[in-house]
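Next, two complexes with chain A in common: one pairs it with chain B, the other with chain C.
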Partner chain A sequence: MAGERPHPDVPTPRIGADEWVSREQEHREGRGGLTGRALSLIERIPPATWLVVFIAIAAVLPLLMNTGDLNRYGLNVALFALLALGLNVVVGWAGLLDLGYVAFFGIGAYTYALLSSSHCFTETTCGVHWPGWATIPIAIATAALVGFLVGLPSRRLSGDYLAIVTLFFAQLFLTVAAQGDRVSALGLTSGVNLTGGPNGVPDVDPIRIFLIRPTTVEAYYYFTVVALVIVATALWLLIRSRTGRAWTSLREDALAAELMGMPVNSLKLLAFSIGAAIAGLAGAILAAEQTGVFPGNFNLAILITIYAMVILGGAGSMAGVVLGAIVITVVFEVLSPTTSPEKLSLLFYGVILVALLVKIRPWWRLAFVLGGTVVLGYAVRVIAHAVSASSTEGEVVSGGFVGDVVELLVVTPAQPGNWPKYAYIALIVALLALTRLDGWRRTLLIPPTLLLAAFVWETLLVQQPTVTRFILFGALLVAMMTARPQGLLGKLRVEIV
Partner chain B sequence: MALFGLRGVSKSFGGLQVLSDLDMEVGEGEIVSVIGPNGAGKTTLFNVITGVYPPDKGDILLDGRSIVGLEPHEITKRGVARTFQTLRLFLNMTVKENVMAAAYGHTRAGVLRTVLRTPGMRREEREIHRLAEECLAFFGERLVGYRFDQPAYSLSYANRRRLEIARATAARPQLLLLDEPAAGMNPVETHEMTELIGRLRAEAGYTILVIEHDMHVVEGISDRVVALDHGVKIAEGTFDEVATDARVIDAYLGSSRADRM
Partner chain C sequence: MDWTKFFSVLIDGIQLGSVYALIALGYTMVYGILKLLNFAHGDIYMIGAFIGFGVLTFFGGPLSPDLPLAPLLILMFAIAMIGSGFLGVAVERFAYRPLRNAPRIAPLISALGVAFFLENSALLLFGSQYRQYNGFELIGTGGFYIGSVKITWITVLVVSSAASLMVALILLVSRTKLGKAMRATSFDQEAAAMMGIDVDRVIVATFFIGSALAGAAGVMAGLAYSSIFHFMGFTAGLKGFAAAVVGGIGSIPGAMAGGLLIGLAESFTTGYMNGTWKDAVTFSILVLIMLFRPTGLFGKPEIKKV
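Now for the complex of A and B:
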């Protein structure tokens, strides 16, 4: 791909412009053609227009999906986007590595659940059924308050140290949530059932805010989207204010920020509290929507998922973290065990083909790769058939045209034995080799790697969907982060210059 | 009465006495240079003034009021802003944002007013923009126009030094502390910096305390020069007085050389 840059036909260097300016301009002009012009056009769209587009798409989504899909995609995306926006305040803007974030999500959910459900604290105190207009603000405030309290001792910590303290807090919350069904103060009182223990709090009331009484998935979806839009607008205003600038300043250099008149410690506490408040809101919605809270809703896997959204989308960019929430939720749901192996296969081959079309330039190299794959695949299959007839009699999972092509090019033994495992190891070796090679060697290695991948897919991966799901998810994350280390919409940050 | 004064300020780190019993005064509108060999305690002096470390003993007065024991951001709010010897810009923020951030201390709008976009908040925000552009325009064409939106990391070294000064002025200080403003600059830029420091007083009215190694700069700007060595004030006076002081020559060149001279 080297040497494909636009020819350096720049007349004379522009006086007064420095490297950064000319690089930016080159970057913009370099994107010639249709995609380049489209990208420049997209860049000129003002953020308010984006918001309108987002709302419009979100508004019609329930018309295009059945309830199950709306729950899996729409509501999940909206909730995770809310969580990602909150985490972005703490991590992306203020630069505080808060690993206790998921606990605030849980505190919001448990607060709502305890105040609006049939939960029994003791045998006599049962069923506090406060309405949503009281419990949602209380849930938000409780989460914000706990965020403040956790921030208080940790505000002088930074980086890894803060991460460890907050991670401990998350673990503490999980322990209390899972075992808080018999809390007694110093053994003086009989046990109070605070959290429902491992069973959580069932029978949580739906949200009731005067006339707003969502009960269906559609209604909760709209409720969450409205909350998301309100939170996003508020944050958008905030990051462009003195508070937002102070947060990014303290992320960049806390000592310099303090010496330029910004009270760093209070600003950290503010970021912690606002992030926690947003997580608390998301928690309250979750509790009402799934009519229950369980310790498993707030485990470290959820924390990592939210982090993955923020990092993949681009920490610091609001549009980025929302996009991250969309991408990760959708990918995770598409790869879920309920998706048929046939669809999964189509997706697998589709992604590989698109990647080849996009990444391999110029066209004759691509033609060589595709042609080489066909010839090599067919030859290997013929040879394999000659050696043992049963080696080509296995089932192909994919149907239709893709299935036909696979059947023509890939060896599909009826009794694969240990071959798939060896092939899997060989595939990993080949992939590693691909990352180390370039030029013609790489081009030569691609066809056998593709065939290996197809063989492993048909004989091993597709047979074990749960494992495959995580392998593909991981591979996708690695690929995306390698392509854009700053995240999809993030800006590249310079640490030391 | 002097705008700013140190009264018997001492600071030690472990067994090392970095500042000992230091007295100093800076009058309103004065430019005072602090010189001394490396390790004389100059930057520590700035750190003690700005509240990075509390002094072990002594008092620091601004406008007749003690600023000892205040948090650094409170000291900045009272009217002391500084630059850093090792540049500490907010590298991933734009040039203009760097300067706007420093207006935090003298602005008010909180989270609620920001989210509600009250008229007062919007007026204040416009004022911050105007102030930032004004502070940057002080440096001529170098930091204005397309530079506003350029990330700070893309600036040249000399422009970073200028941006640090612009950022410090956006905090609206009475006393400006400049820590080696001409370090790493070429002779032309150094000359420009000398003029600039003069203009900061003449046009913007700042009182300036400056640490500088370049004696041309010190000679060009200073009303008075204070020489430090091992945390002790060894000489004070006009540039010529201090430059010819035996103890100053001694501190810079070592005693044996001084004896021979």
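Now for the complex of A and C:
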């Protein structure tokens, strides 16, 4: 590795010049090539078109999928898009780091569940069954009120200190949700079952708003999409209003905004309340749709997932965060344990092949990589077979043509022992090395890395799809952030620290 | 009042607090220099615990170790610290450095990605079962008494090694050339670069030291609380993070005080109230502190330049 060469990813600021100024050229030109042209094309599409396209796709989706897939891809995407839009108000527009967001989601869900279910608070108080037109607004209002209260410290705290206080609030909520089945005031009164404790609240009523009474997955899907469209339109009008512009200026520089006479504290509280209200709505829908609320629905992993959607899509861009919600939910669901291992394998090898075809130029280098992989794979397999016959007798997960190719090229031991684990570590090292190398060194390293990846996939990763999905999710987050730190549809802007 | 109980709860709190303080130091050092919340730090602590366990198993396990106790412990600590240190440097190199000039929230997501990756890689490699350090078999249940309060050798080991690591850190930061460079970089990165300080090298050193401390904390947690598992870094990381913020993030004495405070709060809640509420009570105390001292116990109020 050449020590003196600055890394291409890190633009070294010209000393003495403001960083924005020194990178002015780059900001003005944008990206070149095919990707750059596609991005600038996307930027020119008017927002109304986005909305129409979204509604059109959303409307026909149930015709293309069975109920299970609609639940996994349609309903989940719509719910998470709603949550991401709400978080975008707080994080993307007002620039407040709110790590308690998942609690508002939970508060909405629990409020709905407690007011419309057969849940027993005490022995005698049982089964409050209010209709949806009453409970949903109450759930939204409760979440908004709590959002307001949690936002209060934002008048004094800023940045990471606000983040930690809101994170504590989320922890507090999670503890209460998981332990609140015998709440009593300092041990003086008899216990009230507030949240159902670890068992949650079962038997939640479906939504009843006069004639709107969704019961099936399709109906809930349409209900959520309509809610999403209404919320998105309202937010779109909001960000173009005085308040929206004030939020943006607050995010860019709170001090300057205050000096311009903006009511900074009220703006922050408003952002918190609106974000929380949207999360509350999503929570109420979740409670009704899965006919129950459980503490496990609102853990910090969900919070991280929503954050990932907002940041990955591009904080501040509404189309971006919805896109982020779609990408992450789909990736998550595809990698879920219900997808068969053969399909997963096909997808795995397919993505690798496409990545090779797109990334490696010119053609002779690609030919070298593919040929090298075949020759090396076959050679290693023959040697392994000569050393120990059992090392090539294992089962290959993928079927068909892909399976045949893998069986020909990859060592698949019947009793792998600890080898897959060592290979996994070697694979990580090789992948990291690939990002640092260039030229012929990189080309030389690709074939062994591919074989290593196939070996690890067949012997380790495909056996544990749940773990694999989190590993790939984590790696994807890092890779996408380093490739495009402002998010998919986000814009680069000057940051004043 | 039952003073024996009070003092044993106090000592438990100090022991737990020293582990949290070591984790908090890594958070605070990285934050001080890069203004980055390194959410992967808790998982580096977890990997440290596993490396220590690996060394222990390599030398015959806790029940019949091949080495005498002292060299074995030194080896466990040393290898875990070096291993986690290099892991921290690698994380910085590949997940944070490309994002050095990116929006501030981007490295946060990258850090969360690293956390997911490390946790689940550990699950893949080590399985989901709890691993037993068996600290009491290894070191023994013995100890000494002050009045009627028993202090075990494990407590002595944990508290004294944590204290000596902290003293070493303070000496490093206040007395050496590297420490001076670290303080300068933390004060103003650009000005430090203009004065001829290799900022990249300082950042790498910071990550190495912070992660090594977390690795040591992992081994201590393994010895003192016996079982380790792939998800242990998450809660501990959260507590360490909380400790760093409460003490005033960026401040080294603040991280130590914050860690101690959280350890004590937790052990007193468990000792005198219901254990299931310990996190809720701890966090409520912290929120109150934050509300009255918005920049933490040792943090300086931020002066805004316009």
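Throughout what follows, the second predicted complex is superposed on the first by the 448 of 497 C-alpha atoms of A that agree within 3 Å, B and C clash if a C-alpha of one lies under 4 Å from a C-alpha of the other, contacts with A are read in each partner's own complex, and residues count from 1 in each chain.
Following the convention adopted for this analysis, a contact is a pair of C-beta atoms (placed from the backbone, for glycine too) under 8 Å apart; a residue touches a chain by one contact, two chains touch by 3 or more.
Source: prediction; values computed, not measured.
> With chain A superposed, do chain B and chain C clash or fit?
By the criteria stated at the top, chain C and chain B fit after superposition, with no clash.
> Would you sort A:Tyr424 into first (chain B), second (chain C), both or neither based on which partner it touches?
After superposition on chain A, A:Tyr424 lies in contact with chain C alone.
> Output check: A:Ala256 vs chain B and chain C. Expected answer is one of first, second, both, neither. What do you get?
both
> A:Val91 in the overlay: touching chain B, chain C, both, or neither? Say first, second, both or neither.
It touches chain C, and chain B stays clear.
> Let me test your reading of the model: by the given contact rule, A:Phe169 touches which partner, first (chain B), second (chain C), both or neither?
Only chain C is touched by A:Phe169; chain B is not.
> Would you mind checking which one, chain B or chain C, touches more residues on chain A?
Comparing chain B with chain C, the partner touching more chain A residues is C.
> With the two structures laid over each other on chain A, which partner does A:Ala379 touch: chain B (first), chain C (second), both, or neither?
neither
> Touch check for A:Ala246: first (chain B), second (chain C), both, or neither?
first
> Thinking of the overlay built on chain A, is A:Ala367 touched by chain B (first), by chain C (second), by both, or by neither?
neither
> How many Å separate the nearest C-alpha atoms of chain B and chain C in the overlaid structures?
Scanning every C-alpha pair, the shortest chain B to chain C distance is 5 Å.
> Across the two complexes, find the residues of chain A that touch chain B and also touch chain C.
Looking at chain A, the two contact sets intersect at 19, 255-256, 259, 493, 497.
> Give every residue of chain A touching chain C within the complex, in rising order.
Residue positions touching the partner: 7, 9-11, 13, 15, 19, 91, 97, 153, 156-158, 160-161, 163-165, 167-169, 171-172, 175-176, 179, 255-256, 259, 300, 304, 307-308, 311-312, 315, 421, 424-425, 428, 432, 435, 460-461, 464, 467-468, 470-471, 473-478, 481-482, 485-486, 490, 492-493, 495, 497.
> Flag every residue of chain C that touches chain A in the complex, lowest number first.
31, 35, 37, 90, 94-95, 97-110, 112-121, 123-125, 190, 193-194, 234, 238, 241-242, 245-246, 249, 276-277, 279-280, 283-284, 286-287, 290-291, 294-296, 302, 304, 306
> Please give the residue numbers of chain B that touch chain A in the complex, ascending.
Per the stated touch rule, the residues are 50, 52, 71-73, 76-77, 81-82, 84, 88-93, 97, 100-107, 109-111, 114-115, 117, 121, 124-125, 128, 146, 150-151, 153-154, 156, 167-168, 171.
> Given the complex with chain B, which residues does chain A contribute to the contact?
For this pair, the touching residues of chain A are 18-21, 234, 237-238, 241-243, 245-246, 248-249, 252-253, 255-264, 270, 274, 491, 493-494, 497.
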